[in-house]
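Given below, in the form of structure tokens, are the structures.
Below, subunit A partners subunit B and then partners subunit C, in two separate complexes.
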Partner chain A sequence: MKTDKNTKSVTDAQNQKTCFFSRWFTKILSSGFTASLFAIILGLLTGLIILLVANPGQAVSGFFMIMFGAWSEGLKSIGMTFYYATPIICTGLAVGFAFKTGLFNIGATGQFTMGAFAAVIVGTSCSFLGSAQWIVGLLAAVVAGALWALLPGLLKAFLNVHEVISSIMMNYIGMYLVNYTVSNVPILYNQLTNSSAQISDTAVIPKFGMDKIFAGSAVNAGFIIAVLVAILMHVILNKTTFGFELRAVGFNRNASKYAGINEKKSITLSMTIAGALAGLGGGLLFLGSLGKHIEVVDVLASEGFDGISVALLGLSTPLGILFAALFIAYIKQGGFYLQLYEFSKEIIDIIIAVIIYFSAFSLFVRGAIKRYLSYKKEKAEAAAGSMGVSGSTSNSIGAGKAGNGSTGNSIAGAGKAGNDESKGGSV
Partner chain B sequence: MNTVYFLVQQTMLFTIPLLIVALGGMFSERSGVVNIALEGIMTMGAFTSILFVKFTEGFMSGQLQLLLAIIVAGATGMLFSMLHAFASINMKADQTISGTALNMFAPAFAIFVARQVQANHVQQIDFENTFRIVKVPGLSSIPFIGKLFFSNVYLTTYIGFAILIISAFVLYKTRFGLRLRACGEHPQAADSLGINVYKIRYSGVMISGMLGGIGGLVFILPISTNFNATVSGYGFLALAVLIFGQWKPARILTAALFFGFMNTIAAAYSGIPFLASMHIPSYFYKMVPYIATLIVLTFTSKKSQAPKASGIPYDKGMR
Partner chain C sequence: MDYIIEMLGITKEFPGIIANDDITLQVKKGEIHALLGENGAGKSTLMSVLFGLYQPEKGIIKVKGKEVAINGPTDANALGIGMVHQHFKLVHNFTVLQNIILGVEEVKHGVVKTEAARKKIVELSQKYKLFVEPDALISDITVGMQQRVEILKMLYRDNEILILDEPTAVLTPQEIDELMNIMRDLVKEGKSILFITHKLNEIKAVADRCSVLRRGKYIGTVDVEDADKEVMSEMMVGRKVNFTVAKEDAKPKETVLEVKNLIVESKREGHTKRLVNDVSFSVHKGEIVSIAGIDGNGQSELVQALTGLSSLSGGQIFINKEEVTKKNIRYKNTHGLSHIPEDRHKFGLVLDYTLEDNLVLQEYFEPEFQKHGILQREKITKHADELIEEYDIRSGQGSVTPARSMSGGNQQKAIIARELSRRPDLLIAVQPTRGLDVGAIEFIHKQLVKGRDEGCGVLLVSFELDEVMNVSDRILVMYEGEIVGELDPKVVEIKELGLYMAGSKRGGHHED
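Showing the complex of A and B:
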């Protein structure tokens, strides 16, 4: 509703004259950003309504806790937000990167788990590496994650096995494999806590002064690494031929094949890189502090699924994912404090699910705004056109015809562009 | 011989939910909407119906309670799936995304509400299992078959087979079934013949929601005495069954039996003397259904007969 009003005022301005500012505004309005904002607002509203239904007395203060709880302990809370954001930046990139190639990597969970597993193996049993241990641990995590995604990638590229199903299967296989190995290899296992053993001190990712700035929080250099990786992915996707090829395959697999792109290679590589990113996330989380252990329970790691939310909310662009991860870590932080008001923190998951649901409308919202704007523009142009040709009758008829023709054409053009868009967006 | 009886009875417990949910998925996909939300729909159906079972415990006989619970589950699933239908049909949303959103919503919602409505504020809902039929009167005295299919069963097993027969009939022998299949293969052509594609697709998704919800209940009820906001990936397994079953009722039954058997081995290998004596770690058996799925998909996906328009939003303007 609100957007409509904005749109109206913008297009009114356009009627006067098309200036740079309004064009810029149009671009922002019809971009994915508005659609994501729309989804976030609806998601938060749903959360508020559920809180009101559950317990009207506490609902408003609870809602403020969700919104601003992550600030409640100052720099420490911000540091914790960064800490929680670190793994989901990686898993978000893992999902988003594969999205760009038209693949839905629901297997980020399994890749994350395998990465964590490899990192913990190095962290517990390779203390001879000294100060390089954490680096080797992270590399092992990257490789393990990549390998775990390689199989679904190959199956998709060469045998047309749907990557959603195959990577879900890989999730469960990975989880059971890790649980089995951890609980059966003495050096990895801590029987008292039924979880993986303590990693050695040299395996912990250094702080790089992050603990000084955000005193009391668990944030470490892992956050910096995750941010750098996001930027790197942005460059790869948008500034290199390789990234262009990946995106081309995502837009239209057959057309890219026709254009000479090895689409099988692209699919396999995209999936493998996605796996490497998710694996890195596992490494960053489990080498991030001494207190993190792989627990031997038959539950899939939630970070992988959070990655899906992050990628969808961030519109699969690396920089969008960075901010989406921070946002989700932020309201999850709020969710922890929300428990003070005797609400369970699952309300956050509900809000995120609703946000994702409405962000699926993104194409519709963007399309509606775009159509409305172009309709207004056409109308304005048509009006200007008919005013300009107030000469003889025959002339004006001709002009009117031409005008109609052009309007028709440009509408068809807009429609086509919209369709292209929808093809690109849908995976 | 007792092992065989035990195996068949166990296999039924795992097969029936997979069968029902995969048939649900079939209705949705053959109408042209990919329903990855089956997992969430199962969770929601199981949640409301188990809650119903819990609150009506002791008021009525087990079988009547079960029948009512099935209605509750089906209605919940249908309502919940309408969210998916709205997103993917009216809003032309990406069907994988909206399905994923539903999958994320369901367990969170189930935990949140369970904590709110239960006296002790826990997320786990405990219930008493009063639904097992020890012997079907009359039929259970038939030699062999009586022991195989008519003792130690749940009503849900028969309901599952009834759903299979009805589904096959509806899909292949009714006007609605023909229209449904047309909308999944070539909605533009169907539309040009005056079929309301949106309506048919809504029906497809809502049937899948109903069956998905029932499947959730049918999965939890016989094998457990509590519900903890999860159906352990069975919705996804059902999707695999659907693909392996090539979107056809009879083959879906075969696929469901295969996966049901694999799961039986995973869950009950210690009760099978031969397997128990091999001392293979339990984790291996837990992995078996998933590995089997992967292998099976590897061999069947190349010549996949997926409905052609499945997953593509129908746009009247593109006719």
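Showing the complex of A and C:
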């Protein structure tokens, strides 16, 4: 339906207003936002099918609960959404930041765990720090996460060891190290619950009034910190010379070297920063409330892997990641209420997983939309051209369109060359 | 006369532009037909239409008199049409043999059989003197050999109509002569060749007829015998072109680059060959020194060692009398060195960055473009706009155009703008006009001479004899990693230069 309108307005190119509208529309449609939205809708529909299979009678109301459940208790459930979003904003940034610089940080889980561990050590054993305890705890988390990513970063930069391999290893080393240490150090261990001991009151991140606004929820200042960090990462990547270097290395290591950028240093730093972000996520979650403990179980922390889907869904841009994390937290919050409709917890987890899974297709969907649009556009413009109405406005869009190269990419080499040629002719 | 290919009234439009406007191209069987036009004239688009990569809005294609619909390279192949693209389509971590048979490999019980293919390839390569090492990896062989692999790929598929897209851009004079002979042999065997180029000498040398395109329009077809270079270039560009670079005699000043006993050893295991063997020379401000030589004689390694892209095994490098042998790339780049790299996609540009970001790639860290680590976007854009204006860099969206979507010529102009605008003391330019058309070459040569006249020392590495003879003030010839002669372009003849390049003459002494 949407695209119908689009075609129509393009063929109707004589009318300047519609032309402007179509351009605006095309821009929205081909932006990453739409792709992510499509992926989400696709995921939700599949979720609905699973609901129908699992429990036909309650499926529709269950579906609406997933969609809107996060509003069901008003500000409280919104607060919980923010609470759940906090750690995955951080791990999402950890994956996305590394990805922007050409690295696939699959080790966010390990870095997150080490961050949580460091925060819990400070939280349980350093009550002498008083009101600074939570700050020191968060800093410790940042440092621990950074150190845990430093090694894969160094290996990648200097020995070209693939970061996926080395950081997966670091995930397991981290998990077992933490489990072993927690269960063998009395001050950290609570035998009754087989988990880490309670942190001190002063180690808990203050609320900063969040508990007043979102009464009854667990949300705290950690959410504000995560949002600020996302904005900071956006600024670093896009506005600073440092980000300019990191992205250049990510896109083209050779050209960066040619331009005198120390690409080994860039890779190491980028990985370390990613680790620091994941570590912060661990700190924010485990110092978020008194009720959070590191459980001694041999399972990798899911927040790290959620970070990968968050980063993909957010197309690796810090602000995109912020919204993607909120979305996934929102769905999880809705899923929480789904238990009211007698869906088993496993089904809920499956549905959430499916939605996240489809979300990861957003890149693919974006590609498909672009191809479709350029095909449409080519046809429409050709028709308009043969009617003799290709004015100067459409000329300038045209050049831009040919420039994005998506057609060229999809139809192999000569297509690309042809695209370049045609551009040369236009200017 | 039979036409083997007829493209009648082909019109292909892209949004906003007409890449091919009612173009007619008729190729006779057994002829070498040149397709001449500047970058952006629509040659590649037309060939993509013939190859089935684009569908034209209007017009028909006939092969051997029959109208055909070509929907993709597979259809084209089935009709006996083969193409060597300007940018090679080779799998870099495959061997030569694997690349040639890729897509038509013989399979027995799920296992690829290569014996017969190897035999055929060896036969073909001997028959047409297309020397290749079947088991060498593509990533290890020279650009020249990669092209021979591409030609063998077509021959291996028994294609009858061969499209060569700018085949000589990367070859040495001797290799070009060989290629011409190969083309003549191919035609003798009944194959037809469509030869895309903008080099008039080659058209004169080998083509029977020549069709000219300009800005997407068909200008005309001439018999090469009857048309001289001036006529064809005027058809192509639409104005008269200067083939020689107007320049005054060089006024060399103080030494800007001094190289002493430079050695680069091969890093491949089991090889101890010296790729650059004990090379010493100097470049002065205000002169253009060319390093002539056939591709693969150590020029790339020499330049990479000079600029710092790879390490050297021995020797010393001085820029402005300061030893920089062990300094890093950034230090050299900020102390007088500019570098136009051989491979503009691999080294010269971050293709996913915008034009304006690429234009500050060597300067983004200077106080002019950043304040406390924050990029000054306005100044970067302004800087880009100035260079776009000064160097006539054309792109779809101005300074925010992604570098990837610009044409090769304009990408090269962007690199040249970036490197020259830094007012370097020393410019190392490697193959700066590779793959560019007459107009762009003229422009770049002018810029090099302008740089020289403003007091820059230029070290030009080129495989094109015309360029070496035209632009330089002094010629150094490199052969097998050594400098075998220093020549004066005003005195030496092209033939003699060729002998030095082929290694049959050294140091000005007659040995044979």
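The criterion applied here is as follows: the second predicted complex is superposed on the first by the 321 of 427 C-alpha atoms of A that agree within 3 Å, B and C clash if a C-alpha of one lies under 4 Å from a C-alpha of the other, contacts with A are read in each partner's own complex, and residues count from 1 in each chain.
Note that a residue touches a chain if its C-beta (ideal position, glycine included) is under 8 Å from a C-beta of that chain, and two chains touch if they have at least 3 such contacts.
Predicted model only: the values in this text are computed from it and were never measured.
A.B. asks: Tell me which partner A:162 touches in the superposition: subunit B (first), subunit C (second), both or neither.
C.D. replies: first
A.B. asks: Once the shared chain is lined up, is A:346 touching subunit B (first), subunit C (second), both, or neither of them?
C.D. replies: Only subunit B is touched by A:346; subunit C is not.
A.B. asks: Quick one: is A:240 in contact with subunit B, with subunit C, with both, or with neither? Answer first, second, both or neither.
C.D. replies: Only subunit C; A:240 stays clear of subunit B.
A.B. asks: In the superposed arrangement, does A:50 touch subunit B (first), subunit C (second), both or neither?
C.D. replies: first
A.B. asks: Touch test for A:255: subunit B only (first), subunit C only (second), both, or neither?
C.D. replies: Second partner only.
A.B. asks: Taking the stated contact definition, name every residue in subunit A that is touched by subunit B in one complex and by subunit C in the other, in rising order.
C.D. replies: On subunit A, the residues that contact subunit B in one structure and subunit C in the other are 415, 419, 422, 425-427.
A.B. asks: Under the stated contact criterion, what part of subunit C meets subunit A in this complex?
C.D. replies: Going through subunit C, the ones touching subunit A are 13-19, 39-45, 47-48, 51, 53-54, 57, 73, 83, 85-87, 89, 165, 215-216, 307, 309, 328-334, 339, 341, 346-353, 357, 361-362, 364-365, 370, 373-375, 377, 394-397, 401-402, 404-410.
A.B. asks: Give the list of subunit B residues in touch with subunit A in this complex.
C.D. replies: Checking each residue of subunit B against subunit A gives 36, 83, 87, 91-94, 96-98, 100-102, 104-105, 107-109, 111-112, 115-116, 123, 233, 236, 239-240, 243, 281, 283-284, 286-287, 290-291, 293-294, 297-298, 301-302, 304, 311-313, 315, 317-318.
A.B. asks: Under the definition above, what is the set of subunit A residues touching subunit C in their complex?
C.D. replies: My answer: residues 239-242, 244, 247-248, 251-252, 254-262, 377-378, 381-382, 385-386, 390, 394-405, 411-415, 417-427.
A.B. asks: Mind pulling up the subunit A residues that touch subunit B in the complex?
C.D. replies: Against subunit B, the touching part of subunit A is residues 50, 54, 104, 106, 155, 159-162, 164-166, 168-170, 172-173, 176-177, 179-180, 184, 298, 305, 308-309, 312, 344, 346-347, 349-350, 352-354, 356-357, 359-364, 415, 419, 422, 425-427.
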